[in-house]
Amino acid sequence: MTRYVALRLLQGVGVLWLVATVTFALLRLLPGGPFDREKVLPPEVLRNVEARYQLDAPVAVQYLRYLQGLVHGDLGPSYKYVGRDVADILRDAFPVSIGLGALALGLALGFGVSLGLVAGTHRGRPPDHAATLLAVLGMSVPSFVLGALLILVAGLWLGWFPAALWEGPLYAILPALTLAATPAAYVARLTRAGVLDVIDLDYIRTARAKGLSESRVRVHHILRNALLAVVTYFGPLLAVLLTGSFIVEQIFAIPGMGRFFVTAVTNRDYPLVLGVTLVYAALVVLANLAVDLLYAWLDPRIRLGGAER
Amino acid sequence: MSGAGWVGAGLLLALVTVALLGDRVSGHAFDAQDPDRALETPSLEHWMGTDALGRDLFARIAEGARVSLLVAVGATGIALALGIVYGAVSGYVGGRLDDFLMRVVDVLYSLPDLLLIILAKEVLEGVLVGVSDLVRTLVALVLALSLTSWVGVARLARGLVLQAREEAWVEAARALGARGPRVLTRHVLPNIAGPLVVTAAFRVPVAILAESTVSFIGLGVQPPFASWGVLASDGFTAMRSFPHLILFPSFAIAATLVAFHLLGDALRDALDPRRKL
Amino acid sequence: MPRAVWGFLLLGALACLPRAAPPPGVLRINLGTEPPTLDWTRATDSVSIQVIDQLMRGLAELGPDLRPVPALAERWEVTPDGRVYTFHLREGVRWTDGEPLRAEHFVYAWRRLLDPQTAAEYAYFLFPVRGARAYNAGKLRDPNAIGVRALDGRTLRVELEGPLVYFPSITTFMVTYPARRDVIEAYGERWTEPEHIVTLGPFRLEAWEHEYRILLRPNHDYFAGPPRLKQIAAYMVTEGSTALILFEQGILDIVRVPPLEIRRLSSHPGYRRVPALRGYYYGFNTEEAPFDDSRVRRAFGMAIDRAELPKVLRGGELAASFWIPPGMPHHNPSIGLRFDAEGARRLLRDAGVDPAKLPPIRVVYNTDQTHRLVAQNIQKQWQNNLGVRVELDSREWKVFLKELVVKPSPVYRLGWGADFPDPDNFMSLFASYSANNHTRWGSPRYDRLVERAARERDPSRRQALYDEAQRILCEREVPIVPLFVSAINLLVSERIEGFEPNPMDLMFFEGVEAH
């Protein structure tokens, strides 16, 4: 078990190195540089700026220097935010995105699993159709449209929630709902499918026949199997929550990390792009590991470290 | 097929018809400007109102259907083709090659989609020279969107091939002397086609959503055409005064996505009874 | 229905409480984005200026008519040859740590700006100072050789490379503000954080929550008297639509109005509009056919009815055929090509150009809703009025900027905002040696006119020089077609008193009150 986790983490480091390399290469292939300005810099000024950020060295040397910095935990300086290190910027922004993401995750699981259970246990009847329709709608609206609707309706017209900004838990609700809509819909689908897989199986019938109350049957057997289906979706779910946060943070004016996925690229702030990408990749690697461990724990039939993954 | 499935198919048929007819449906050219009639709310003449240049919004949405569907279907098609070949080879050959190919997938999977799409699109636009601007934008967008979604298809295809490889009929074919590529194309792929068709139906809506997100960032399809994503995100900036500018394109997106999901559900019930998806 | 849903409805009802009234004396504004830096020597962008101008002052500041008036300098004089300026500092100005302002603080700040190690992007603002350019390029090693010297604690002498009448205007710009060596050397890159920064303007930095908001409070020792506000909260709401809704909810006091919302809000009592010192133009790549012929460029300029643009954009833009914008000294509204479709077609014929046989004209702009609207309108006008085919293409911002330098498209859009309100800031842009002249057009005569105007102290002679230069630029040679001057559209809450928008897009809050 420990050996397995250590091996996976080692593989993860390899993945991170490749992610950094691919991102670095793509960024340098991208036309336009960080100091191409509307008001063009005179050549001597440009030379000074490039010397300061060591952009005057050959790209290969810059790459090696970046890796060297990474090994020492140094993500480099931001090109856009003068005098701030990428690590400082991420230290401020990352917790905000994680907080928002965690709330959205909770909402997605809460709504999704409830809807899925309702749908799955009433197969073919009106509650199933209603729940399915709701889920389909959740997957069918672009998040900036949903965000705009929530701001207008729940924020401006009804005045239930603050329309934007980030001053406390109440301020997180509309953005979290926006962020959670699509994942909740997927969770609902997966739960419903998971329920349908087991609902007619022998051991559930046996449990019912043994006289276990309906609610206990649901909780113990059906829910457990349904969750197994949902757990496999955790990796992609995390990805959706983290990158989806760009739009949500942008329109709700939240000081999180998501907006850097776009603004750092448009600013050609190479170290900041690499920084957010590496944080994201590290999270995905860890989440996948967690999913595999969780899966093994929920389903004893699966053994870790087997040939097939 | 279930009732919902037929609803989905009907919606899609209507949509494709509109896309084919384009701006002929409403009788207004999609790019006809009339500054004196700009930003009108829906009326009998302009069913969905007009935009900032006085162009008929219905005509623009009808015309945008082409762009949005083309981009989404194109991206999904490429992702499927690439993903199936890659995943099938990886799963069928197995061993070291499988390990290597799957590591590559892991890396791509660990890159943020949005970032990859933006980077790939801009890099591709820089690389594609010598074609017209519109073609270049479209091709770059389609390739960038497919780049993030083929990985999922590859994983699915590999998993299905791994299962199929162990099935009796494949063993039988091998015993009869059939070899690698032939077994894969003649025996394995046809048997896993169902789930792959279903995944295609579910991936088109994802591509449409991704396109709308890219448009919101300002990297969508540019004039004279406008995808639904571009129309909706333009509408976002005027949502207080002219909500129709964001509502109608969003309706178009939502209706299309609902249609694909309903159809996908129905296809899954028909083609993938064991629900591998 | 699942319990979670009911829980949410309940929470929603609880949240539906009466909103607290905004605290008196607190002004809440929107910066739009995080200021990249508050280090005024290294700042370059409009958001940073917005905050820095609350925290700091320069030798001069802009008066109501945008002429430089004394600020940290109580007066200045210039030698008859126009080469040497002497600034006399006001007495009793103190930094927020109690330290008195001395002339050395300017010497240090200017040397730091020009030091190649600092790598300040706006170092070139002081290139007119003797030795500055050579020092910045590393050709001159000795900082004492730069033409800025503290004669005593309160006297600053500046020697220029050549005479320059608008030098005091430059000293209103943030990169020329004084700085404290002791603070910067003690705290390094972190000297701009609230716990370290030392300033001398009307407000001081109270808190900086990165990517979210900046809080300022009044500087009670400000030399011109403390401001009346108790606090400024400057938020960073990126989406204009979101900011507008926050204004409508009474959460922000001053916001920009998104262009398409102006029609509805122009009757709002808090709606304010001022023309900006910001020009918008289409440039030609004059090295490539057909735009290597000035008759063709003139024809394309004459084929645009600029009056259509404000109708399309709705942001209070002012159609402009001239380049020096109104509000700037030496502006002349009579300059420029008039709309004349007939004349434009004739001119094309004279140039031997058959519009039908011309390959499609490529117009490139950077991706943005306003630029797209302009491009689509111009496309329609050129197609209708000249009978040429026009193709539009948009580029992401940085790609667009790169292309402008490497290989400008036949027609491109650009704008220019004033750094300081002197026509030289606009006119020297199209000198043959200007890095910002992407047209590849150059005229020795134009260069000479602009250089002479920069030295000319007599206003009427200066006017004549600029008029002539503008005629070359906008009527005869036409490497660019000016289209319109932008406007600033703001909504100001009724609780705010004494706030006036400024054509430089700067905001000053010393006299502002919030009820």
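So that you can tell them apart, the chains are marked A, B and C in the order they are listed, and the count of residues begins at 1 in each.
Here is the rule we use: a contact is a pair of C-beta atoms (placed from the backbone, for glycine too) under 8 Å apart; a residue touches a chain by one contact, two chains touch by 3 or more.
All figures in this text were calculated on a predicted structure; none of them were measured in a lab.
Arrangement of the chains shown, judged by which pairs touch: all-to-all, with no pair of chains left without contact.
Relative to the C-alpha centre of subunit B, the farthest chain centre belongs to C.
Subunit B and subunit C have CA centres that are 42 Å apart. Averaged C-alpha coordinates give centres for subunit A and subunit C that are 38 Å from one another. Between the CA-based centres of subunit A and subunit B the separation comes to 21 Å, rounded to the whole angstrom. For subunit A, the set of residues that touch two or more other chains comprises 30-31, 148, 152.
In subunit C, the residues that touch at least two other chains are 239, 241, 245, 248, 396, 399. Each of residues 122, 126, 236, 239-240 in subunit B touches at least two other chains.
Partner subunit A is touched in their complex by these residues of subunit B: 4, 103, 106-107, 109-115, 118-120, 122-123, 126, 162, 205, 209, 212-213, 216-217, 229, 232-233, 236, 239-240, 243, 246, 250, 253-254, 257-258, 261-262, 265, 275. Considering their complex, residues 33, 35, 38-39, 52-53, 122, 125-126, 132-133, 218-219, 222-224, 234, 236-242, 245 of subunit B touch subunit C.
For subunit A in complex with subunit B, the residues that touch the partner chain are 11, 14-16, 18-19, 22-23, 26-27, 29-31, 129, 132, 136-137, 139-145, 148, 152, 182, 193, 196-197, 239, 242-243, 246-247, 261-262, 265, 273, 276-277, 280-281, 284-285, 308. Taken in their complex, subunit C has these residues touching subunit A: 2, 4-5, 11-13, 15-16, 19, 34, 36-37, 39, 42-44, 116-121, 123-124, 127, 133, 136-138, 189-190, 192, 209-212, 235-239, 241-243, 245-246, 248-249, 251, 396-403, 405, 414-415, 435-436. Residue ranges on subunit C touching subunit B, taken from their complex, read 239-241, 244-245, 248, 258-261, 263-265, 308, 311-312, 314, 362, 367-369, 372-373, 375-377, 379-380, 391-394, 396, 399.
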